[in-house]
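Letters A, B and C name the chains as they come in the text, with residue numbers starting at 1 for each one.
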Amino acid sequence: MALKLTRSLLGALAMSTALIAASPSFAAGKLTVSLSQDPGSWDPVDTFLVAWATVATNIFDGLTYRGPDLKLVPGLAESWQVSDDGKKITFKLRQNVKFHDGEPFNADAVKFTFDRLLGDEGSKGPQKSNYAAIEKVEVVDPSTVDFILKSPDPVLLTKLAGYGAMIVPPNYIKEKGEDYFNTHPVGTGAFKFISYEPKIGVKLEANPDYWGGAPKISELDYKFITEPATAVAELQAGRVDIVVPPIIPISMVPTIKGDSRLELMSVPGPTVDALRFNTRDGITADVRVRKAIIMAVDRKTIVDAILAGQASEIVSFQSSLSLGYDPDLKGLPFDPEGAKKLLAEAGVKPGAPLQIDIRGNDATMNEVAQAVSSYLQAVGLTPTIKPYELNVLLNDIIPQGKTGALFQQKWGGWTFDYDNTAYSMYHSGEKWNPYEKDAELDKLLESQRPMTDAAQREKVLRQIAAYVNDKALELPLYNSNAIYGVNKRVKNFTPAPDNRIKLNEVTVD
Amino acid sequence: MIGFLTKRILQAIFTVLVVTLVVAFAIRLTGDPALISAQGGGTVTEADLQRIRVALGVDRPFYVQYLGFLKGLLTLDFGRSFVGGTPVSQLIGTALPATLTLAFASLFVSIVLSIPLGVKAATTRGKWPDQAIRIFSLIGLSFPNFWLATMLVLLFAIALQWLPPSGYDGFSSYIMPAVTMGLILTATNVRLVRTTMLDTLRSQYVMVARAKGLSETKVLYKHALRNCAIVLLTFLGVQFGGLLGGIVVVERVFNWPGMGTLAFDAVAARDYPVLQSVITVLSALIIGVNLLIDLAYGLIDPRIRTQ
Amino acid sequence: MANATTSGRLSRFKAMEFVVGILLFGTICLAVLFAPLLFPDGGTKIDLAARLTAPFQSFAHVLGTDPLGRDVLARVVTGGKVSLVVGFASVVGSIFVGVAMGLVAGYYRGAWDALLMRFVDVQLALPFILLAITFFAILGGSLVNTIVLLIVSQCVQYARLVRGSVLSLREREFILSARAIGVADRNIILRHLLPNLLGPVIVLATLNFANNILLESSLTFLGLGVDPTIPSWGGMLADARTYLQTAWWVSVFPGLAILLTVLGLNLLGDWLRDSLDPTGRTSR
């Protein structure tokens, strides 16, 4: 009570001061955001964690920018021109932009960024391979750069909006060194880095000279909170203003909705979950068994009951917003009798054991897996669920092909383009595909990469989805919404499906 | 006395060494850290993995790595985390105070509660306050600490909004975690205080003191409490290890950035330097505390020294 | 200070301890034992249409249902199996290993004793949870592994207890005379020493049983314990964390189950301790 009163008084004070000052760039207030992970390093080349992107979108900029409406607009590049053969892109850079340490943003900075990403420093991290289409970057003049590509990459412009392509300051890095840059990042973004306490949080402050408009809040604090229940508790206690996905489990949605101080914002997101098959070992090597498993599970009921409107059913491993999504593609129907027949046909004995590997920290998938398990029991299988530590699952178990019969794959697909997902999941030799070697599928995947005609590419992508469906390579489950928990004192906040939100337009009461 | 001291110190050092060896060996069985470090977004080849192994230093034979770790210990250099390269001493530098301050806060809560309650129980032996206190202490012992923690958060942080639900900032954030741990410790300590008080009150020299005519209160607080202190001290030693263990669970619920969280994350990331260092530091602490208590005990009660 | 009334009250209190303890622990054990008969589906029947129904509304689901529509009462009763099995097996195992260690060390002294004491030191230095997370990272979580872990970390308590007792007993007259006569060591240990030690060992065992139930549920709560499809009290509490504000019964009933079981055991242990050693000299 006292806390609320104090806050209202301070709010009133701030507002009246603002009116008196009558200055349009008055920034006041602190926004606190909860993050689920500590990425450990703030260097753009080091990570592919969503948690990193949530913070980094406010520290760094890319040449292009993609906001919550998913439209690609100019970022640090004012305009660009793609050559006819698709192998060269010329960018005209924004003028008068400075990095937080004062050095100017120019063509040299862009060249430095990409040389670094594609060179030794980038080799230490996972981002480099996303930009493999780039051969080199050439400086034409201080405000123009040319990107020379090995082959056309229609998704490149989107990829330049985030992660590894975010522009870094050459002088600062050369002067302070790579290690220092990891923990003291400097960029051109709306907020400047102040401090980072490992495992606790990171603090930013407003950059009044930001080219996109000075932030309307003065401080931006991120706290690392891994436990979902704790994050929501902090939200309810008013100590955190925004909880970003994917922390909030579906089970806590009613709690947030029921609290008058809070608002639940749920937007369709790119994240899809599926249980993929081990097509190499055991009974799931047989396509009939895989189809039987898919037919045994009532996916619609699971989505409706457990996910309570916060997710939608999927047929292929992509969201409905993705390029390559085919609304007419029909998945296998829910048919437990048919499933039993197929299993018998494939010679599977009743009671056959089956291991389902899932992420240990995913409360929603935990419930879904148990429901799936129960459906599989009904057709005579004996499933067990094995939760894995996230890192171990992602970096050891899956890539090394040590999974059980089914394993959870969650995919962010932030480019909203099926190419990125499909290539990584189904092309032989990719990290996420330890089991399949399908020459025909490989050909399909490779064929669409260089296509610059979007309609043509879409056709091939739909073909790929249909092929995967036929071969029953996965049990597609759901496409979750991006669920945000927001304190009502936060104004002007637009939830983004991909977590990458610039907070310079936001105000707090 | 010196002989006793030297013997115990040597024993302590030996124990720490054994612990570090066991831990160093054990965690290397958890898997290949290069795989976790690589986090390959694209494809990671065996050559990449080998390169990372060399960078992390895990390609060297075990005894080389272990001796290197020991050597580092002497200069308090715990190496660098496999995740992001932060110096481990920095990580421990923030996590250890977090855990220790919570431990002391919990002990404080438990002492403040258990001494008055234990005395009350002893002096009203058999009557209802004693029985009530005994029942409550049994219930306290039977409570799962993480359940208690979540219940307290629900009540005080969410429903009443009196205290912050988590975090490590400021006095108010200590209250719930310390009370959670403290209550459970109190359950054991109350009975100890009670038993010791009863023993002392019955014992010979208290009777003599009473016969000499010293007032009841003086008798109580001078002789009896001193005995209590001894007993509590011993059990502090035993409890300290358990305290640190129980705190790890509480740390998770309250998002307390202590040694427990550090260890958990390190195991997941197969971050050898961090995990080895955390366990070594905590073990050394426990052994050190036990050693001090043994010494204190030896000082107070000369009979023990000759054992 | 003790008078007739106090002694009367005390013995009534003690009797109460025993009665309530047996009632609590006994009822729960019986329920768990008969669980397969009472709840043939083992609380695993998922009914997505009946998710999260409140308790005390119907006879079908007296204690309500969990997020997957499974009956809470069935799960609580079936879930007790894990806790009781882990508690019992770990205690029995610790007794075997620990008592053996203590007997050998206490009777033969010398190198054996020194070895044991070093082992004890190392054991005491490692906080249990840290040992657990490392152990489970190597071997994975399972019922058997949990039991083994508990045995490994607790056998020393029995070893120390037994060693202490043996050290004081071995100099007693009846032992000295047995040795003088020429009775074999093994017989001395088994027939003369052992029976005198059992009292404190049983007390310790009962109290450890209780504590191990708590430890097992902590481990499962942290995600280190058994397979989540097997109903267990710790697992249920972990899953219920995010439903605390919307479906309190999913968390409260398993928590109560743990509390009551452990309380029952602690009451019994307390009563045993008071009966065997009223001066309170044997302590944990």
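Structure notes:
Criterion: a contact is a pair of C-beta atoms (placed from the backbone, for glycine too) under 8 Å apart; a residue touches a chain by one contact, two chains touch by 3 or more.
These numbers were taken from a predicted model, which means no experiment stands behind them.
The touch graph of the protein chains shown is complete. Ranked by how close its C-alpha mean sits to the mean of all protein C-alpha atoms, the top chain is B. For the pair chain A and chain C, the distance between C-alpha centroids works out to 45 Å. One inter-chain figure worth recording: chain B and chain C are separated by 21 Å, centre to centre, where each centre is the mean of the chain's CA atoms. One finds 39 Å separating the Cα centroids of chain A and chain B. Of all residues in chain A, those touching 2 or more other chains are 227, 229, listed in ascending order.
Annotation for chain B: residues 31, 150, 158, 252, 267 touch two or more other chains. Within chain C, contacts with two or more other chains are made by residues 241, 244-245.
Interface of chain C with chain B (complex): residues 1-2, 5-7, 9-10, 13, 118, 121-122, 124-130, 133-135, 137-138, 210, 214, 217-218, 221-222, 234, 237, 241, 244-245, 251, 255, 258-260, 262-263, 266-267, 270, 279-280, 283-284. Of all residues in chain B, those touching chain C in their complex are 11, 14-16, 18-19, 22-23, 26-27, 29-31, 125-127, 131, 134, 138-139, 141-147, 150-151, 154, 158, 188, 192, 195, 198-199, 201-202, 235, 238, 241-242, 244-246, 248-249, 252, 260, 263-264, 267, 275, 278-279, 282-284, 286-287, 290. Of all residues in chain A, those touching chain B in their complex are 3, 39-41, 46-48, 123, 125-130, 132, 179, 182-183, 197-200, 223, 225-227, 229-230, 233-234, 236-239, 389-392, 394-396, 399-400, 429-431.
Chain B contributes residues 31-32, 35-36, 38-44, 48, 81, 83-86, 90-91, 94-95, 150, 153, 157-158, 161, 164-168, 252-255, 257, 261-262, 265, 267-270 to its touches with chain A in the complex.
Of all residues in chain A, those touching chain C in their complex are 227-229, 232, 249, 251-252, 254-255, 258, 301-302, 305-306, 360, 363, 366-367, 370-371, 373-374, 383-387.
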